[in-house]
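Here the chain labels run A, B, C, D and E in written order, and each chain numbers its own residues starting at 1.
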Amino acid sequence: MSESGINRRDFLKVLGLGGSSLALTGCGNTDIRSGDELIMPNVSPEDFVVPGLSVFYASTCTQCGSACGVMGRVREGRVLKMEGNPQSKISGGKICGLGQAAVQVQYNPDRLTQPMMKVGNGLQPVSWDKAMATLNEKVGPKSGIKGENFAFMTGAMSGHLKVLVQNYLDSLDSKNHFAYEALSPSIGFAANKQVYGVDMPRLHFDKAKLIVSFGSDFLGTGASPVHFAAEYAKFRKAPRGTLVQIEPKMTMTGANADRWIAIIPGTEGIFALGVANQLLKHSEFTNTVPAGIASLVSKYDPETVSQITGVRPELVGHVASLLWEKTPSIVISGASAEGHAHGVQNAVAIQLLNKILGNVGKTIDGQAKSPFPQIAPEAGSFSSLKAMNDAMGGGKLQAVFIHGANPVFTAPSFMGFRDNLRKVPFKVAFVNAADETAQECDLVLPILTAVEEFGSNIAWYQPEGVEITMQQPLMNKLYPDTRSMGDIMLDLVKQRRADEYKNWPDFFSYLKAAVINMKPAVKYTDTDEHFWYDTLSSGVIHIDAPQEQIGDSFAEAALSLPEVQNVQDPKFPFYLVPSERHYFRDGRHANCGWLQESPDPLTTIVWDSWVEIHPKTAASMGIKEGDYLEIASQNGTLKVKAYLFPGIHPDAVSIPLGQGHESLGRFANGVGVNPFTILNPVFEKDTGELAMFGTRVSVKKTSDSEIVVKDEGPVSTQMGRKLVVTLPADVAQLSKEI
Amino acid sequence: MSKSHMLALFTDFDEASNAIRELKASNLEGFNIKDVTLKSPIEHPEIEELLGKRPVYVQFFTLFGAIFGGLGGFTFISSSQATFLLQPKGGKPVIPIPPDMVLTYELFILFGVYITVLGFFIGAKLPMKRHKLYNARVSEDQIGILIKADDTAMPAIKDLMTRHKALEIIGEGSK
Amino acid sequence: MINTFEERDVAVEKRFIHKEKDIREDIAWAQINKDVLKSLERPRMLFWVIFIASLALFMVGVSCEIYQYQTGMGVANLDNPHVWGLYIGTFIFWIGMSHSGTLLSAILHIMHADWRKPIYRFAEAMTTFSLMTAGLFVMVHLGRVWQFYYVVAYPNERWTWPNFQSPLVWDATAIFTYLTSSMIFLYIGMIPDLAICRDNATGFRKSFYTFLSLGWMGTDRQWANFRVTYLTVACFLIPLAVSVHSIVATDFAVSQQPGWHITSFPPYFVAGALYSGCAAIITLFIVLRYVFRFEEYMTMPILEKTAKLTFAIAMVWTYLNLVEYSSTWYGDDMYAKQALIYRATGDFAPYWWMMNFLGSVVPFTLAFKRIRNNIPAMLVISILLNVGMWLERWMIVSPTFANGIYPWTWDHDQWPSLVQWGIVAGSFGWFNMLFMLFCKIFPSVSMYEVKEMVYHRSLVRKGTEDATQINPELAVEGGIAS
Amino acid sequence: MSITNLLNNWSFYRNKRPYRGQYDLNKEYSEYKWAMALDLDICTGCNACTTACYAENNLPVVGKKRFHHGQVMHWIRIERYWDEKMVDFPEQGASFLPMMCQQCEAAPCETVCPVGATSHTNDGLNSQNYHRCIGSRYCSANCPYKVRYFNFWNYPSTAWPAPLPDQLNPDVTVRTKGIMEKCTFCVQRLNEAKSRARTEYRLVRDGEVVPACVQACPTSAITFGNIVDPNSKVAKMWKNQQVDLYKDLQEKDNTVRGYRILEDLRPFPSVMYMERIRDTEA
Amino acid sequence: MIHRLLAVLSFVFLCVGTASAEPLKWGGPIGSQTSDGYNALGPVVKQPIEFPHYRHARDMGISCLYCHTGARRGYVSVIPRIDKCIGCHQNIESVRNKPRIKKLFEYWEKKEPIPWKKVNDLPDYVRFNHERHVQRFYFRQNRPIREVCGYCHGDVANMTVDRRVKSLSMGWCISCHQKDHRENDVSMKTSHGPYECWQCHK
């Protein structure tokens, strides 16, 4: 960090209590006193550190995969708050609530503070020496473990840690890197690949006059919610764009739509084809759209579509006429359209509209292509979990490492993942807290949290150019017995390839060297050291890479139309919509008090799970709010409180994901239920991904009932008060506004 | 000329007033009607009238207390508001009249009552030591007439009292 | 021979108006002393039962308060929009209770209604003690009761003053004024009686009463000052009492809450106060009459008069209640109307209807002479009326919070917790305990005024007998013909 | 002597807030009047502001049971309303309303506090002084927006199990039981910025300081600034939306979106909301 | 007679009491603010090193701001960091063997902070801004620094170990904030300190 060779960690160490005491409570010292409190001056702090003034350090938020650039407010050696980093094109200086909660992950009372080892049925604390010795014994060079017997499961990954993980696997001669995300975008990627030839195109919401979203909750849980929210804000400014949302259960994006259409889950593709059919009646499209497509969609007249999708027939024509009137538009598909056995087909049918309307190139184009493929993001998929599960079940694996994923919690119960995991002789988890997976492991190693750690990240959705967001410690490590994941990986790699890595004593130096290597790509002219410090202080490396080309012809859209899926199942009459809560996602951050207490935007429920059911359905079944319902699928039953929610299709019920932890910490344990457990083994045909929305359930009312804890009062309307006033868009004159 | 006290007790209130009436008319040497004190278990405005004007000053205390409470109260409240600019209230001036009037009213009554009572204590000479000729029967059902007079006039007064069926006559020496 | 105007008026009145005998005129004064002083020594067993029960109840309240003090207001189960609960309701109830003492001692004193004389002393004690109880509720209600002195206007090293605009400061001032004034009034009025106690007591009690009676001798000078003072303080107390409860009403009326922001609240509160106070007097009248064997003084005609007074006030209250509802209804303010409908139909509807029934329908029983003269019935009715009046206060406070202006925050889980109920119950224990102690230590019937009453009655009788001997100077037209 | 003071300055003491010209750049102690403009059309209801507020202002996490009892402490809450005319489905989405202390110019809470714990600052904020508060809760009773939150429990002892207290912001007091609290517009930030500006002989620049909620808001739906400065964005927006701070009844065109909530109660709030727009033809 | 005297006395008492009541006097009676008045001398605090302020500030004439660097730029005035002490003292050989200096070097060699005790300790909920006061009176009004600091801290330059000399009560703060001070050394315009709760209470 400075000439004297003190690096950042050491600097943070000396930055103890400086000058001012911590004002923790207003009820502590309430008198004027003399000589009761101590002030400890710094021995030798940095010049810019003034006690009582905050310093902001740039870093990256790793709470989800969007890799927003953030700043941490640091005072007296403690990180207090996360803010958006204005230099980051992804966050644009903004931050979501999940990102704010990074500090609660850091100071979480249930963090693991020392290595644990399985003794009998429980985990016992051990020293790092012991832990590393065990690791060495089981997977070290002398253990004789072979590549095919070893697997490394991670979450979505990018940056230089990914490189290290990859190198470690290479050194073991193993190909078993399983990047698993419970809520992965892979079905969408597959569809995009078919339609545009790329995994993820760049979406210009701000340029669109109309967004038609088939179940994409881009404001809440999409690829990059903070970035999309900013784009959405521009989209809503003059000339104001119109948002149409078509989905079975209202998401946060749906709540902001000008027109929200409830649809039977899985039939979104049919609706899109119906719209296409109507659009193709305009003669302008006869030249641009191949006749084959027109004939394909011609059987989807509004009546048929209405029958299949449960949407009123006139709405098909209505959406089509909106698309016709408001150009350019953008049509996107989301989780609830893609999470079906024919998910890719649904998504392709939806993306077909973009092609017909000629949106490609206007509101949809390619992302910048990263010049560094080795650190490019791995978004994760369900199929890797399946592959690993199969390998474990087959008894092939001798040792597994798990980092950044909690498969015991998120794997559906039909997989029997927990049992299969137990078959593996040696399991290691690298975690912040002893979660469900860690409980099953033989060795649990406490690693640093994101705000204590160096690192680099690249998001799989890049709004402008390629942005490598840098992660740097915002404070000294809180617990002495936790270690950097990078350092551990480096040590592991050195076990086998000591020579190649001997120049780098720790991950910090490795990362620094690696980043400096990128200098040419950024066209930075100053010295390496300056480049490194500039990178750290701005928090981002911005590379103006050329855009990927995306296909705009219909040839790429190898259209295979979705079959009609709307079959009634008398035993399981309801569709289950496992909804993704925007601050919970797959539930890995459920142990943050702030997130538990942050009301769900639509139901305003806190600290719980619930099942959303349409008031009409509820009335016909005699269900009142707070009644416990038994939601049963082929694979299990959940007992959840009912919440009457008008924004859901009457044939669907919805349970939010992320709750129902058994072992994560005091704020999450025993709160709510985990709908992952009752998912049916329905898989997407093209990709083999789990079809999250393909589960059918039955609903049974029980005699139990409990009050639903929510922020909302007994009424959900404004009761005639002028609180939120709605103005028709044609009256408003947004262009005259500032 | 030495003066001494005498207490005459009556059961019949009419006789007692007659006795005083006669005493007043008697013009005895060494005796003044002002030196007669009536002691009674209940109040007797009509007999008090006989004894001549014995002015009561309580009402002046009341007047002073009420005026002081009202004016002083308002001054106190408004000037403390004026010195305490730390707390301007949105929508209201620093010195709002209606709320201050409420408090002024309360303080007007508060001081009115307090100073009236103070006046009572001063006027009734309370607390005081009981006169040595005080008799507990006065607090029960008898009326007592305490007379201070020259020793020379004493026998005549005693005689007068006896005539009016005084139940008992207690002189200073008799105890 | 009738010599004064007053005697003449009494004679006239006696002749033309038939009156029940409030009290026996021939009762010996020594007997009065004896009867009343006996109450300081040997009450009936029931006294101790009530006292011990009250003490126990009070201890319940104290333990609840200790728990609340240490844990926080949350144990009362109040919530964020619903920040006031039974504490404030019961606070108004006790403030209201205090008004009847003033009614009997001050208003009726000025009106020369001498039937008040045997019962005003305990009513005044009731005033004092219910004010003390109300004061406790202010403390219990505060989140940081240990900082209560911030409300007091005194020069301090922080250079701060309370906010004189706040109705709560008016409250504090008014209650302080009322409490001290009524205590002074009670004490001043008791001095002659304390002298009697002094003259009849022995030992420790003698020195106690000697100290308190300040050397009262009943001299003409003392009596003259006493008369003026008593009358003056009575005159002050009447507007004071009215102002105190109007100020309590302004706590609500000056706020913006629907259901509170009502112009008629001050008179409504005052009427309610007098109402519950009169009902409480009936209850305590019956209890004291039995416990201390005061049948001779607390006679049935007095009870009947109190009952009639209660009935009259009940009708005033009912009227004002209806005025409140109808003005809300016709005012057509959305918020207020919604709040009113909520009261009648929402979560609090049973209590609201019960309040209206107990407050407006039950008092009609007092119209019947047979009921008025039936002591057990009167006991039950008076207690029912007070339950109704307590409910009224609760219905003013709680439903507004549960259904105010802002719909998002309506009604969470506002049912009062056991701690709240415990403290409310404890307040009844505290009041009863103090009251019973007072009656045991001080003469609860004013001896000297009963003597006056008897004296005047005997004068009246004499006056009627001697009606022909009227002083010709006093004769007027329509007077007593010679 | 203060009687002379009273007589000399009587007219000053009788000035009633808000009065026109109360805030003026040329006057000595009122160069600032902090105000907000909140565009309901681009507020997505994501709760980022709420969480930011928890982080900045040391708000306790109360837990399920206490949340159920309505003892939650969120200084800014997102309300979600359904359309009153909704038939089967909320076809026009939901209405989200972020509600925080409106910093009323004629605040109903201020006048009723017995100890003056809440009063007006020169910057037009409605200050809440925790150490003066005795917990009578009258302010909350009188607040039409119900944005005041009372500490029913001793949260410092329960809400932050170690090491969570290390996260607490040392610029903000942690409130003990029995105290009322509310949104402060992040006054600790404002004070710091004002101090910095005064050292540099200038006024706080527009956008130099914003509360935590504004800083977090992903859609930038909230604009914050000094409304006295006619060049600040928020002042321009108020002017553009024809909302006048000193009026309780705005005369404005029906195409204009600005309004203040419950203005008819005359609290003169400092937060202007801009109406939600819905494309009725969609 | 005694009662008449009592009457007169109580009247006089009430009048005098009213006249001397605090609200009627701007500033209030001296001594009414704390038990021992504004000039409340705090207790003697024993420090780990008996730091001679008089030597540095009076004898050597070092400005307060030289060591307490935060006072001009932040809320906290800052106890100097140890390397600041060492920076000078490693070059002053003459005092190197004095016991206090030895102690200082012991801390330095161990790289340990010196556990000073807080002398002017305000309650935790009060935010006192050194910057504003120093900027206003030292930089803008050009008063001598020892005088400016001395408003609150007294004549530290004549002390060895610092000792609290003022009551630091809220009333004492306000008593100064209510006074009109000249805005800078050239203009005669005056203004008083801000008084509003949030200025100091956090």
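As a convention for this text, contacts are C-beta pairs under 8 Å (C-beta built on N, C-alpha and C of every residue); 3 or more make two chains touch, one makes a residue touch a chain.
The shown structure was predicted, so the numbers you read here are calculated from the model rather than taken from an experiment.
Enquirer: What is the chain whose Cα centre is as far as it gets from that of chain B?
Expert: The most remote chain is A.
Enquirer: Counting C-beta pairs in contact, which comes out ahead: A-E or D-E?
Expert: Looking at contacts between chains, A-E has the larger number.
Enquirer: Round to the nearest whole Å and give the separation of the Cα centres of chain A and chain D.
Expert: Those two chain centres are 32 Å apart.
Enquirer: Could you tell me the distance, in whole angstrom, between the mean C-alpha positions of chain A and chain C?
Expert: Chain centres of chain A and chain C, defined by C-alpha means, are spaced 68 Å apart.
Enquirer: Round to the nearest whole Å and give the separation of the Cα centres of chain A and chain B.
Expert: It comes to 90 Å between the two C-alpha centres.
Enquirer: What whole-number Å value describes the gap between the mean CA coordinates of chain B and chain E?
Expert: 59
Enquirer: Could you list which residues of chain D touch at least two other chains?
Expert: Within chain D, the residues that touch at least two other chains are 2-3, 5, 68, 72, 77, 79, 81, 97, 108, 111, 116, 119-120, 130-132, 171, 173, 179, 262.
Enquirer: Could you list which residues of chain B touch at least two other chains?
Expert: 75-76, 79-84, 86-87, 89, 92, 119, 121, 125
Enquirer: I need the residues of chain A touching at least two other chains; which ones are they?
Expert: As it turns out, chain A has residues touching two or more other chains at 20, 23-26, 30, 707, 711-712, 717-718, 720-721, 723.
Enquirer: Show which residues of chain C lie in contact with chain E when the two form their complex.
Expert: 155-161
Enquirer: In their shared complex, at which residues does chain D touch chain E?
Expert: Its residues touching chain E are 1-3, 5, 28-29, 117, 119-122, 125, 127, 129-132, 171-173, 184, 187-188, 191, 195, 198-199.
Enquirer: Can you list the chain C residues touching chain D in their complex?
Expert: Touch list, chain C to chain D: 71-74, 77-84, 141-145, 147-148, 150-151, 160-163, 165-169, 172, 251, 254-257, 401, 404-406, 408-409, 412-414.
Enquirer: Which part of chain D faces chain B closely enough to touch in the complex?
Expert: That would be residues 2-3, 5-6, 9-10, 12-18, 104-108, 110-111, 116, 119-120, 126, 266-268 of chain D.
Enquirer: Could you list, by residue number, the parts of chain D that touch chain A in their complex?
Expert: 40-42, 44-48, 50-52, 54-56, 61-64, 67-68, 72, 74, 77-84, 86, 88-97, 130-131, 156, 159, 161-171, 173-176, 179, 212, 215-221, 233, 236-237, 240-241, 254-257, 259, 261-262, 273, 275-282
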